[in-house]
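Both of the next two complexes hold subunit A, though its partner changes from subunit B to subunit C.
Showing the complex of A and B:
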């Protein structure tokens, strides 16, 4: 986008490119031959207003970004059917055009080339009139959108089947349709010097703490980057450190999750161009909560939640435990098992460490290879993985059969906590390294190091492990367990919500 | 970066140096000892160990036992010397059983068990047995009918103690605890070889009685049953007793359901005596052709009296052997006296052996039939 630089370069030279002149010819010249030079997608529609005193007008817009039917019907036609006031110019004329001619919802005017060219690039129509040094912008969005579908990565058995799209307005509406209250607030910001990406901060005014909202706004306003292509950019730029560990900002594609989180007092950030919304603060327990926990029976939700914690332990620890048991503490394995593991490893040429790291790596490669492939080729990958690497590797004595079991168990349980899959892989590797050097002692030290690090982390001022280490009954109600709704009377304390009451105690009806 | 993080990391890593057992061993280079034992020859002791050799992998994997032995002057050197014929490091923590031969037991087991207690990679939670009329090597070379490994066979058998009721199972630590206790002597179960067709099969039966660390005699299976009762071990063993029902004698099978034994020293003036009260409850799983109707309380009472008499006699016989023939305090009379009558014990501690021989022991056995299987009426064949 060269024009930005050019405009900036020429700015000090005076009127030249800073503001529109009264001559339509000159203004058009600058648009055509400088700002949008070599850009074939910009349409210049010439027309004349109704005589007498008919004036030359021009409508500039980007092809396929705008609804051209709307522009010709509600912009061009009224001009052709109407006489512009004689001798009017400047602000006066612009106001007349906005108030009496153009039949659109969002109309604005500007003198600045920068604003007008930005508007065209964003998909607005711009009307220039002979003798007027203002340009009038009309919003007429007309690009194609993806329809609202269920997100593939977060599908549910029970729950709404809507997912965010790439359109910010649609996404905000999806949340607003859930929280239909005037307390639902949206703050708009623009981030990205080149992309000028629209960002919306949404929260519930009567619940979310003002300090939290201000902090989020401040952090996003601080961002000075050329492009925001996905909410991940913002996530990495505003999240609390350290960045190699578990995420301190959540991301989701589901409006119901966003609504649930902001109703607890969190703040969500929606970014134009991506279906992934950010929620903050994001704590450790949230990685183990799923929206379905709250829709299904509370006992089932609790069971699944405990299952997720166990899976997290398995996926981070099982290779390290296996390694330390077979390499350092064979006396801790039950006798029949130790004999069969020893027999299975008899002809394996590698030490346990190489086997564990190697198989872990192979699995991650298989997964990475399969993720981005179309379905039919993906099946080929799984066949290669299952038969070639699993069965054949054991038969060829490259790895022991117990190792395949460990890798399989690790992988499957990793998918159970998919939102923290990647951090879990890194933790697993760290623990394997510790276990390979120091056995079980190393494993325990590694776990201690991880726990220490997690307890020192914060997300927007909230301790990362809060509610796991507080033993108040209201604090624990939504961590390891999911208590029934009639027991979750208050919102979580650690979010500092203004209004903590979530449910009136008489809400539960019973048969007399 | 401030110095806090490096400091924490340094402390974490330094704490590793404080840990004791840190030893890198790849599992496939270990030779898992399933069971081991000590024989004695004129030149020194012989360590015999049963290893497992695995052949094939995956589903075809087979574990073959392999018996190796090595002669050495001490047990600790023998455990290392064994690595040489094995070609791999012998790994003892998975051992299932530890045996000593009759000769070793008679000349004192202390040299054989000291390393087990002191050694770094030994476990004392292992069943401990004495071989009778055979060497340890012969036992390990015998052929148990189901399991390939003799050690596994013996370890499983010792778990059946309460049902078999013919030996008193001991683990190494239990024997050591009794051996070093004041006023108590240890016992060990014995393993013997019996012919089953062409093969020799090891069976566990009877008890070896120790005094200090030397074996002084044997109890047979039936005496071991009484010994278990007096030790207060829960029993579910069965035995047959000739029982007089009205005019006839029948061989009726009884099963222990419950036993409560109380041994207490009693002072009568200056005279010390031991009071043994045994309370037994029985099930009657089999009455043969006796045709007893258990609703007849007179018959039941007569059976209970006969049982009391029978056990009283057997207890007295056992105590006579312990006092006279073995003169070994395996029932822990000395320990009880020391606890209850410490003054008296201090006077007699030095010549307790003599006192034990002359100690007056009163026995009282109370019996009760509490169960009759699931049937109270007899099976009577009718025309």
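Showing the complex of A and C:
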């Protein structure tokens, strides 16, 4: 009881736990019995510095989060081999420890309990010394990291085979290794009241517009949420038009894509704990661009890009067009085809709308079921999907055979534009509904509504359709076509880049 | 809130607006086989009037429409003018809605109630008008490519059907039919452009109104001339005049290798796009003018009532196709002359005098 009272008296005035005292015993008591009470994973390593004037020291760290070999080698051993200056205390002693004792790269000191306990929770080692009201933090990360591999969802035939990992530092370095310039800047922020997730905003200072960088920083600083478990949290909290499913912030696992985007004047946000980096502003055309377009021949790149636009049209429109053609405008289909469709649908008891929506739903269920299943069971699902729901459904006259073709076509073309797969599904459903009510005119009303929505959207002040509505050749150079590099002289105007010149003339050489 | 739209985007809006629903009905049918002459004459006559609209907007440069009107004409006269044009835009929007919905009803959805189609288009126009002219202009840029693509491809496929002999003999009936056709064209659709005067809040530069209105109008009218003439060359003057939807009927003759046939439904898509934009712009103009007339700074809360009142108006103003046809192809209407020519002329002369006086006053002080 007496001990408790003693501590209580020594406890600094003000709001609860605040600053360290000079008594090691007291400081340790607070860490052990208050902040990290009932936490068996925190290690308290006692040792003494070398006599004369030897002092009691304590190293506190979280087990498995910190590299204990590193701590013993470069923190505990130097302490044991060294005499601390007699009578030194406070900042003076902390400075001496940081400068002359500890052999680590990232060393810091603090008086605040909150700051030190955060550091321990983040995996840093904290050294407390008798008679010193400062704690010294040492960075010694020791948790397991995933190695750098090629991201499965964004694999390429030609291009670097590196993908981001869950470690922020590694991710930043992956980008920095591509842009080795002092103009490559990183702003660090911390988001999440509980998770205290580290967030890095990266951009190229001489290219990205200052207003854009400030806006991104401001939006991220405004976030007051308990946890950031993935960059998707930040994406949803800071993006424009969050009620519509099309993304206004891009996400990628590839450092080359991040580098390419920030070299055009965009800003990227890397979040600790996830391999998905965010890039902003993100415009509609970016959903149809791929990094390989730029690595391969420009004509091939253009061809693939046009294919993506066509696939997007097919995946959003084909069920609606099929529905409006068979229910409202059969005269538009060539006669032999309309006869065979009619023959195929002869025994189907449902109207076209039920068939289209039903098969569409079945496919989405199959996909959702298959995505999260282990490989062997996933195969079972494809068999069920292909044979039972495809062939057997036609034989049982539940759906017409042409419908299976339409669903198949829709599905395959949907995977071509996988980055906007979900919005495409919703658009498809909307267009089917409109087409079922007003036929082809309903489809057109639906398309006009979607374009209206797209026209009204913005991403960080840039109109979402920016490059699509440009009339100039430099504005259109990277939309439906991917012009050769020697023609893409300027960076896109709509991003407001400080320096628009991307390529000096005479960069292209040829034999005389 | 002032919305600044880049000139090229505004121009796209002018083009689609001018094309609008005009392909649906028989344009300039009174001119008979001299339709192309009527078109050329109408374009020549319309350009000065449209330049006049542009001049008035140019005089107001630096101010929003509301402020500009008030400085030139004074508070109450400007409100009266705005109210009058609000009515004009509202009525024009309703007529376009009628044309569009009757067309859809007779061609592809005979059993769907006209009011349902009108409601769908009006709700979309309501949303578009609430988003504002900036979004509508962007929308037009995206859509203009589709519209031109469809019409261009369709008419390229019609080449084999075109019979240039249909234009002969030139001036067989003298000048009178041409003049009638010209007046018809000036009335609907050329000078309906006056509605656009009320849509733009402000322009980027003092000469922007000319750059927006004149080339926009020129592109649209020349395109219209080509399509109407091509349709006439396919159908012949008599059929062109007697069909409700001559352009539609002309495209139904498309037959490429017996595979690309009956493309008229695809072509009618472009009518739907143009018609919708015209309804939306009329709605926007009517709401903006009404807001100015009633002295409000924001028009958005007026869009919904104005839009909803257009649906029943489209049902009651005209009850059948014959009536719609009569209105769309009449030679000239007195209210149209007033709103499209007389009133703008008076306003322009007043504006020039007042602005000149204002400059003199500011120079002397």
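One rule holds for everything that comes next: the second predicted complex is superposed on the first by the 494 of 512 C-alpha atoms of A that agree within 3 Å, B and C clash if a C-alpha of one lies under 4 Å from a C-alpha of the other, contacts with A are read in each partner's own complex, and residues count from 1 in each chain.
We adopt the following convention: contacts are C-beta pairs under 8 Å (C-beta built on N, C-alpha and C of every residue); 3 or more make two chains touch, one makes a residue touch a chain.
Since the model is a prediction, treat every value here as computed from it, not as a measurement.
Enquirer: Based on the superposition on subunit A, does the combination of subunit B and subunit C result in a clash or a fit?
Expert: Pair status: clash.
Enquirer: According to the stated criteria, A:481 is in contact with first (subunit B), second (subunit C), both, or neither; which is it?
Expert: neither
Enquirer: If you stack the two complexes on chain A, which partner ends up touching A:217: first (subunit B), second (subunit C), both, or neither?
Expert: neither
Enquirer: For A:442 in the superposed arrangement: first (subunit B), second (subunit C), both or neither?
Expert: Both partners, subunit B and subunit C.
Enquirer: In the overlaid three-chain picture, which partner chain does A:340 touch, first (subunit B) or second (subunit C), both, or neither?
Expert: Once the two structures are laid over each other on A, A:340 reaches subunit B alone.
Enquirer: Applying the document's definition of touch, where does A:397 land relative to subunit B and subunit C: first, second, both, or neither?
Expert: Touch status of A:397: first partner only.
Enquirer: Per the contact definition in the header, classify A:80: touching subunit B only (first), subunit C only (second), both, or neither.
Expert: Neither partner.
Enquirer: Once chain A of both complexes is superposed, is A:468 in touch with subunit B (first), subunit C (second), both, or neither?
Expert: second
Enquirer: I'd like to know which partner A:193 touches here: subunit B for first, subunit C for second, both or neither.
Expert: Touch status of A:193: no partner.
Enquirer: Please indicate which partner A:348 is in contact with in the superposed arrangement: first for subunit B, second for subunit C, both, or neither.
Expert: Once the two structures are laid over each other on A, A:348 reaches subunit B alone.
Enquirer: Considering only the stretches 20-28, 146-154 or 326-334 of subunit B, report the one that runs into subunit C.
Expert: 20-28
Enquirer: I'd like to check the shared interface: which positions of subunit A are touched by both subunit B and subunit C across the two complexes?
Expert: On subunit A, the overlap between the subunit B and subunit C contacts is residues 328, 331, 438-439, 441-442, 445, 448-449, 452.
Enquirer: State the interface residues of subunit B toward subunit A in the complex, per the touch definition above.
Expert: The contact residues of subunit B facing subunit A are 8-9, 12-13, 15-16, 19, 22-28, 30, 32, 52, 54, 56-58, 61, 63, 91, 93-94, 96, 121, 123.
Enquirer: Could you list, by residue number, the parts of subunit A that touch subunit C in their complex?
Expert: 328-329, 331-332, 334, 437-442, 444-445, 448-449, 451-452, 454-456, 463, 465, 468-469, 471
Enquirer: For a test of understanding, state which residues of subunit A touch subunit B in their complex under the given definition.
Expert: So the residues of subunit A in touch with subunit B come to 326-328, 330-331, 335, 338-348, 351-352, 394-395, 397, 401, 438-439, 441-442, 445, 448-449, 452.
Enquirer: Which residues, counting only subunit C, touch subunit A once they are in their complex?
Expert: Subunit C residues touching subunit A: 8-9, 104, 108-109, 112, 116-117, 120-121, 124, 127-128, 131, 135-136, 138-139, 141-143, 258-259, 261-263, 265-266, 268-269, 272-273, 276.
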